[in-house]
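Okay, structure first, notes after.
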């Protein structure tokens, strides 16, 4: 499969953007139904995006806009890039060490967010950026440890080989540890500390408006696809060989993850920065470490 | 109940919210727009006296009085309805329509005072409700008297008193 | 609450008037600090202070106290629109005094008053300004 | 890193404008400054230019949530001045409306607290429950917010359908005991945010004259309904919940237990309510003199002072709302708290900024 196909069609832009919107909608719809509300129609995230993109933005100091354009685009590009590395189809391009590349690319978006927060020169943006940075560090320890455990157990840094070779016990524990990390990476309850509306408005995004916010929301939607996609693609060891079937299985698994994450978000209050960090260092890291130990001895 | 049970219960129960144009009907005692039954109004301005937001004004001319009401200023407290001695005011038990500029629903009613059957001057008339309150039985004689202005009524009363005394003396 | 004891401690000569809504007591030259100290020792709670303009230049201040469920209203006049502050003795009086300063321009001796309900640029004594409010409620 | 972070005047965690300036050291609050007055409407001054009946509707607008307590206290003060007492049925109706309003206020507050905790589902649960009590109040009074129930010497509307109210109150009690209480006290994420946070010591609560649930959560057992019963509160059996710990969780608990007590009071009132006169009278003038009244509002003690010179307009009306004395204690609670706790702590006293500013 040519790499332009992966980047532009599947699982790249053409798949990731509508899928991201679908996931954002599903999150809102499930939350609404869990609260006995009607909830938005399925096209709502698309309309939100169009609305944000066509709004007249605030005038900013010259030269500032370039960052608001470049940083979300960089984050968007990197996140879509990380998607293309996912071992969904048997024919997916898989290079040596693409696991490391994946981690590097998926971390671009949080770093861009921290930069946006600091660049916004708003006190709320800066506090949000600090929180985002702290949480990124807290969550990456279990995130990377779990990935190392998977890589060690399957003896490869190739995502495709990890997906097909990782032993069951390690795979289950490590994927659970990865799942633990998703609420923080997607800024969901109970770890929505970095964008705690009632404390610091939208955190790092406070000063973003119009297309600047629209671009970021798009990135966020693709982040959903990439991160849930990582777990979905690593969860199933076998591939049917039929591209369509594999793609559908992957999409369905991703959506199941959205449901799980949303239900957890709907059933919890927001924790504090210290409590969230402590949770990740204790439980998230503990689980990831367990996966590593299991991979070492089994 | 734990939060999980609540979530499950909500899911089982289904949607309870409504889409916009649908709405829950207001209760029987809903306090909507103030309505006036002009026939019953005596123009005493009690309603204007108790109105805190100056939504009701009563202005008196020589031959007419005006009762005006602006829902845009109204706080819908219902004190005018309570204060009305003749129960001429009512509140609509339905939601007021949506309007875009203040004063769009403002109303002004003018009521001409009836003319006295004696001298022809306009005067403030007692309404049906007040009549019934003052006289247990509104007889034809009372009706005739009430169609006169206070001055003529007084004259008429004196006349009938004199007449009565004359008849009394004559019978004695 | 022992009325006689309060009377002796504060050295008041006038008798109080007892009504359904508490004991009312007007005392010409009341030592408010002394009063606050004594009442707080006796576990009374300062409910609020009401200021009422008295003549052109003075204010009558009523200190409303809750003495274990009973109401006690002690009132006194300011002198030259000044009176001693009780905020140091009774922290609850802090905001109350600041508000009275805002609205009636009373100066409380022994404390700094920064505006509470007004903004820093507004002059104090808003309720004395005699703003004519017509029927429509516009200024 | 040290910085000053403003919360307000307009902020998602605040229902109304006011400003909290937090001097922070990292995530920790070193000092807090409160600024009020953004909602100052000079209602006390306006009251001096309105007649006593217009003022009932005016004081209803001091607060948007506890509107009834203001007209009730105002009418009680006028009745003290006039030396009249409303009929027994009117007093029972007043108690029922006042307790329903307490339920409404506490449920609304629980929802606001859940919102600040970022607990969307709990917020929705509270606000759905709030609809039940709002519907009850709307059935009785014809309006969801400003009930306009109180008149001088009586009430404006009779209570004709006790069974609807009884059913609604039972539904609320069941939901409070079955849903709100267990979640607020047992849910791990809620507990993590509320227990031991924003402590107000008993000594501080007394010194700053805190009232209502804020004081009762700090171990100060004072409730006007029992200390100096007004209306017919001496005819009901109810307890005043008191907690000793003085943290946010204690304030949640006090309010939740109070809701159950309110339900009990309403049930008893519906049981005991006599038939008879309930209408108020139309007074045009006041006798010269002064009077006060105070009641236990949802947030604590409301205090009204009225002075009259014998005309149709009051000489001076003083309104002391519970938030006015509770709000200064926020500063004490905030010192040493974390930034993330600040919105919750300021909300835990159930502040009403419009009340405070008047």
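Quick notes on this structure:
By written order: A, B, C and D. Residues from 1 in each chain.
Everything that follows uses one rule, which is that contacts are C-beta pairs under 8 Å (C-beta built on N, C-alpha and C of every residue); 3 or more make two chains touch, one makes a residue touch a chain.
Note that the structure is predicted; figures quoted are calculated from it, not measured.
More C-beta pairs in contact connect the chains of C-D than those of the other pair, out of A-B and C-D. Chain centres computed from CA atoms place B at the largest separation from chain A.
Averaging Cα coordinates per chain places chain A and chain D 44 Å apart. Spacing of chain A relative to chain B, judged by their CA centroids, is 66 angstrom. If you average the Cα atoms of chain C and of chain D, the two centres end up 24 Å apart. Residue positions 3, 7, 10, 16, 53 of chain B each touch two or more of the other chains. Each of residues 137 in chain C touches at least two other chains. For chain A, residues that reach two or more other chains under the stated contact definition are 34-37, 266-268.
Residues 19-22, 24, 45-48, 50, 52, 62, 64, 68-71, 73, 90-92, 94-96, 103, 115-119, 126-127, 131, 133, 137 of chain C are the ones that touch chain D when the two sit in their complex.
Interface of chain D with chain B (complex): residues 50-51, 53-58, 60-61, 121-122, 125, 128, 135, 138-143, 146, 148, 151, 156-157, 178-179, 182-183, 186-187, 280, 282. By the touch criterion given at the top, residues 3-4, 7, 10-11, 13-19 of chain B touch chain A in their complex. On the chain A side of its complex with chain D, the touching residues are 31, 34-37, 123-124, 126-127, 189-190, 192-193, 196-201, 266-275. Those residues of chain D that touch chain C in the complex are listed here as 36-37, 40, 42, 44-46, 49, 77, 80, 206-209, 222, 227-228, 290-294, 301, 303, 305, 307, 315-316, 318, 320, 324-325, 327-328, 357-358.
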